[in-house]
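Okay, here's the structure, questions in a sec.
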Amino acid sequence: MAAVRWLAARLARAVLVVWIVATVVFFALRASGDPLEAILGGPGSQAGPEAVAAAEREYGLDRPLVVQYAVQLGRIATLQLGDSYARRQSVAELIWQQLPSTLVLAVLALALAWVLAVVGAIIATTARGRIGRAVNALLRGVEIAATVMPQFWLGAVLILVFASTLGLLPATSAGSSPAELVLPVVTLAIPIAGFLAQVSRDALLEADRAPFATSARARGAGEPRLLLRHTLRHASLPALALSGWAFGNLLSGAVVVEVLFARPGLGRLLQEAALARDVPVVIGAVSIVAVLYVAVIVVADAAELVVDPRLRGPRPAALRMPDVAVGS
Amino acid sequence: SCAAPDAGEDAVTETGGTLVYATGDAEPTCLDPHVGGNYPQALLSTQYLEPLFGRDAEGTIRPWLATDWETSEDGLTWDLTLRDDISFTDGTPFDAEAVKANIEHLQDPNTASSTGYLAVEQIDEIEVVDPAHVRLHLSTPKSALLEALSQPWTAMESPAGIERGQDENCQAPIGTGPFVVDEWVPQQRVELSRNDDYVATNPEADHDGAAHLDGIEWRFIPDAATRQAALASGEVDVIDNPLPSDIVSAEGQGITHIDAPRPASSNRIELNSAQAPFDDIRVREAFVRAADPNPGIESLFLGTAERSYSPLSSMEPLAYADPALFETDADAAAALLDEAGWSERDDDGTRLKDGERLTVRFPVSTDQSTAAEQSLFEQIQENAASVGFDVVLDPVDLSTWYGALGAHEYEAVSAPYTTVGPDVLRILYHSSGTVPAPSGYFANHAMLQLPELDEALDAAASALDPDERAERYTEAQRIVLESYAVLPLYDQQNHFLVKGATGIATLGTVATPTFVNAQLTD
Amino acid sequence: MTLLEAAGLRVTLPGAGEVLRGVDLTLAPGECLAVVGESGAGKSVLARTLLGLTQQDPGARVTAERLSFDGRDVGRLRPRGWRRLRGRDISLVLQDALQSLDPLRTLEAEVGEALAVRGVPRPRRRARVIEALQGAGLPDAESRLGQRPGELSGGMRQRALIASAVVGGARVIIADEPTTALDATTAVQVLALLGRLRDEGAALLLISHDLGAVARVADRIAVLSAGEVVETGPRAALLAAPVHPVTRALLAARPSGAKPGPTVVPGADLISGAGLVRRYRSPGGGTLAAIDGVDVVVRAGETLGVVGESGSGKSTLARLLIGAEAPDGGSRALADPAPRVRLVPQDPLASFDPRHDVARILRHSRRPGAPESAELLARVGLDTAILRRRPAQLSGGQRQRVAIARALAGRPDVLVCDEPVSALDVTTQAGILRLIAELQREEGLGVVFISHDLAVVRMVSDRVAVMRGGRVVETGPTEEVYAAPAHPFTRELIAAAG
Amino acid sequence: MRARLGWPGIVALILLGVLVVAVIAPGVLAPRDPLAIDPAAAFLPPSAGHPLGTDESGRDVLVRIVHGAAASAGIGVWATALGIGLGLVIGFAAALGPRWLEAALGRIVEVLFALPTLVMALLLVAVLGAGTQSSVLAIGLATAPGYARVLRSRVQGVARSDYVGYARLEGTPAGTVFVRHIVPNTLWPLVATATLGIGQAIVWVSALSFLGLGTPPPSPEWGAMLDAGRVYISYAPWLTLFPGLAIVATATVLTVLGRRLGGAR
């Protein structure tokens, strides 16, 4: 019962977010450009009055904006996202076609980013001595550089080296071989890995110095066990708080990576649709992103509670006065 | 029509195989070029649709699906003779009824055709004389009718295909071309396979019967560097829109370069003559004299583009150029501005008149202008600044760009326009082009409203005598150039790089490539 | 036969210089060696070095003429070799009991870790964990397996830590101050457990600042002072005839006797609680009443001593009295005007902002009219040199004294001290006890003094409350209760402390 | 101070000095005009005359980088300041405020997260017009929810800590506790993240340029340079290499200093 109520609350939360997002997108896009151009075969169309009128009627653009907004909301509510203005296809179908490609990219990139970040952090905590310090300093530099590495630039360099020059990996995605995922995934993962590594390594070092870590060592726990059973859990807390951030970053990065590597995907669809003011597609895509995002946040929140049971207690009373006035 | 020279001597050509073409142009939103009508659609539909007429390198009209034509004295009635041995790939015969269905499809508001619609706008009635003969009745004489019907946007589709409705027809239009649309995977590729029953009507075809290739995989790779990398690594065989630097370095890498400038208009900057400060011809001339694009064209395009002095493409036999009008002369520009009353200077060197700054808003469409072109605009901005112009470059997405044009929030703009033949001058510079279409679009960005220009253009449009037509178009171009409302830059760039294939030709109409003769090499 | 042997052990730590200066010691199976010494003598460093933990510190330098385990030279062991020794052969109970359990893990996981490392399967592990916890004197061990350190009282954490060290059946057990947070009864129980293990053949190294406490189990005693063993010998001989001044001092300063000075006349009631109840969620799903119907009064000018079993609710009662937590039942009343209450917490380290130095901590807590920081520090026996240090840079004893100084800076009407002297060596401890008594007399302070140490409580309190299982089982004037304990539990406690 | 900075800190401090000079008085470091074109000298590789080479219009890359420092640093600082500022308000309020406020702010964070940066930039461009302002706002809004969530989680930890509890028991007013304990203990650890954020913000702006929404040319803003030069990456790699290095160097310098000041070791 409690679980049902919990789920219902989360669902309501997702609906609320989708509604706000859809509203913002709808009005902002409509205020900024004319969807008619998208409908009439792209900007610059010289369609005659009859064609314009026909298109307006077909897409309901002759009705007041509020009515159009209501219609759009109704569509989302019934999960029929309507038809794309630009592409003559249903939005649901379009998104359904593009989503898997982006999800595969995002999930692989996130996994790779985590692996890289954890490996970096592990090296940082286990490296000792003079060489260890040098390795550490170098790693830090690499992490900073990775964090501020523009994906479009990194991707271009990787293409230049691995596709053009060495011919080892395909530069683009024809949808045929797994090899074509390598460059996009790496491109997407590296900046995120850099950031995650920075954050989790600080937490890891802090945990590594805590008395409980010494205590665990005294019990004979080796470094791997210490890491897996103790310190990584502590280090994962800030990283979990950042997972929503990482996910948002992944999707924004996906736009760039998909354009660069000519991959199909939600990011590219979104970019095109946004530039063409294809309102139904943008709203549809952004709503899906919002739902995914809320899901990620829910999972991250739950994971945070699992990892840190201390958070399950009542909220801190830091800004509440004590029940009994004892100060003054 | 420019046949690719053979790639390397020892290359072995083979029959069959799938050629991979990577385009940098946008992915069409509908594969039927009747709907809307832009260049990406033209590129792709050239492979599976064919028009009634073709055009050769000299600009002469050639038969294609239509074999012959005849015009009445008054230019209002056109009799076309059609081939009687052609069927669409769905088995529907190509005949006069099909032509009628296609033109009506273009004229139907529900098709939402813009480019093709303009081409057939003046056709009042389509009379089916017999299966091989069709008679077109026009509302006004139109000398450019055959050129209009040679465009890919008016190509013939199976009436049965059209009947399926737009949603389905957009996915896979049915034509008579050498290839057939198999599947369209959005944002990734369109798969085309050989039309085995192809009858070689294409004026560029060098053999009878079907194409050599088994099929074409048509891919969308928006990023130029990625496209080039894909070509270099052999992932694709042909790319379009290469970077100038890649064209230059292609030679040493066994890559074939095809330079096929688009017809109709040249690439040019147009100055809005309807509002200050460019409502004064002296200010326009000052800008044109100060712009000095030549060094930039040389260094940015690395010799792959040639400076133009004509409003028309060098592919148009009727193009008229006058380099003398465009000689760079900063002193003369300054004098002109002084004379026009722009004599004071602001702190940053911008000229003033009655407290107004000499500002030129220049919205740039990042979708339509290449990186090199945008850099050229930056150089023009800097050169114009030295005589006191404050050019505000604003790189924006297409929708915003059209918005700025529609609201007349621009003093300068570069808007390419592709069609077939010099009739483009009428579209671009006739005063009727200043009246916006219901969608807000208007083609006459220079806002030229010159009675003598209108007269010359009208006369050229209805002139059936080639000489008179040529004369009138020359006159029109002279007027346009002398108005200083246009700064021609170069032809609309249209380059292809090929690696691992031969026999690729481009059509004489809008310079789209055809793969009817193409073969893979290894 | 010796199991563990060190000769000429020297340790140099970054910033602290040579902390151990040639320590020799031997430990045989079935033997208990107690290492005693004042705060900062190097006892904990010695313990860590014997497990190879100091050696892992990148800045530390460890040399020894001889360091061997079971006849094997371990002086040059690599980290991997040490790891194999730890937990199975040598185990350690760290001094920092309140922070030595991973706050994110359950008791079961933490205590069972030494077994898990060796791949003992989970079901077998559980049984042994319960056994070890019970052995360490933790009541309802089975129901507490799922709890985490934050849900345990200080003493419970310490017992869990001990359990985690003995569960693996190590041949050498090093226990660093294992009973600081334990009441006398429990301490006896824990020491008995250690004694039992020794009897079963384990070698025991017991570290403490409290000579008396270890006297029960130790066979031999070594006195460490400033990194050197200044005196060593069999227990009886050493206690009977201490030679070195340090040893004598450690023995002399043990608290004993009643509160000195005249009996105070208590003033007005400052805080009173009636029928106080405080419940926590218990791991099983129900609730556990940590405080279960307690009546309590704090009066001006009087010290209320609170003694009792570890986990009996002493800290919880303190939190209720100061208003940090609201009672789930009963009521609490304050005098008018409300008295100022200050707390000396059981875990002082956590109560300091880690970014503030001592000077800043004292400044923030200082109320007008309170003595200057320097004087406050002098009162608790600290030098002004530590003003610039941060809490993490202080030794355990120093932290506790800074916490007392901070409480005094607030010029409280009521001072609630939760185990204020548990980490102090006896000399310092005596000074603090004197200070509290003095303040009370001079300023009419109401004091609540929580301690598991009956002797200490007796020395400072006027009235005493004995707690068990969340209830006050006995209360009355201190000397009366000590002289004639009414409740069997009180009798048991006094006997254990005896 | 020197002991705390260490040699990397001192090097970073010197580089920061150079950066500050470039921001305040770029003319001192590079007296030439960053916009002056010279098509005849286009695409020159690094040489004595042009230490970092010239770009497609013959402009000196070094001069442009120096003169672009102000714009780029400005974008980075303002966007990060906006992101952190918003994140602060949201994070603190969500962690300490009443439940309804936490819920409301949580939704705002989610909405901001759900709008990908690109869409956000587009919407802002629509409202404000294209340019640096919109970019800064978009990046600020896009990064705010990330900061907000980290802050919220940190604030919750600090607010539950014994030392905050103790301060409250002493009767320290809520505001003082906030300023004295909560803010420093949550913000300082964030300094390193924030300094990194400045570099990231510059990079984000350049990504917007890549998608056609960045700072208008020919401003020598680093992100715009990076994007403009990318086209020539194989032909004239110095066009992107050096602006990229400038961004990395700035981020590194700020991060190193941030870590030292933030107390991280």
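For clarity, chains are labelled A, B, C and D in written order, and residue numbers in each chain start from 1.
Following the convention adopted for this analysis, a residue touches a chain if its C-beta (ideal position, glycine included) is under 8 Å from a C-beta of that chain, and two chains touch if they have at least 3 such contacts.
For reference, the UniProt names are A, D = ABC transporter permease; C = ABC transporter ATP-binding protein.
Please read these numbers as outputs of a predicted model, since none were measured by experiment.
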| item | value |
| --- | --- |
| Chain labels contacting subunit B and also subunit C | A, D |
| Reference subunit D; chain at largest CA-centroid distance | C |
| Chain nearest the overall C-alpha centroid of the shown protein atoms | A |
| Pair exhibiting more inter-chain C-beta contacts, B-D or A-D | A-D |
| Separation of mean Cα positions, subunit D and subunit B [Å, integer] | 43 |
| Gap in Å, rounded to a whole number, between the CA centres of subunit D and subunit A | 20 |
| Subunit A and subunit C: spacing of chain centres that average the CA atoms, whole Å | 49 |
| Overlap residues in subunit D, where contacts from two or more other chains coincide | 122, 125, 165, 169-172, 212, 230, 233-234 |
| Per-residue overlap in subunit C, given as positions that touch at least 2 other chains | 322-324, 340-341 |
| Sequence positions of subunit A contacting 2 or more other chains | 32-33, 156, 160, 164, 259, 275, 310, 322, 325-328 |
| Chains that touch, pairwise | A-B, A-C, A-D, B-D, C-D |
| Subunit A residues within the subunit D interface of the complex | 13, 16-18, 20-21, 24-25, 28-29, 31-33, 137, 141, 144-145, 147-153, 156-157, 160, 164, 191, 195, 198-199, 202, 205, 237-238, 241-242, 244-245, 247-249, 251-252, 255-256, 259, 267, 270-271, 274-275, 282, 286, 289-290, 293-294, 297, 304, 310-311, 313, 315-322, 325-328 |
| Contacting residues of subunit C [partner subunit D, same complex] | 322-324, 340-343, 345, 347, 350-355, 364-365, 410 |
| Interfacial residue positions of subunit D with respect to subunit B in the complex | 35-37, 39-40, 42-43, 56-58, 122, 125, 130, 212-213, 216-218, 228, 230-236 |
| Subunit C residues within the subunit A interface of the complex | 48, 51, 53, 56, 58, 80, 83-88, 91-92, 94, 96, 99-105, 109, 113-114, 117-118, 148, 150, 161, 164-165, 168, 322-324, 326, 332, 334, 337-341 |
| Touching residues (chain side subunit B, partner subunit D) in the complex | 224-225, 228, 243, 245-246, 249, 295-296, 298-300, 366-367, 371-372, 374-375, 378-379, 381-383, 392-397, 400 |
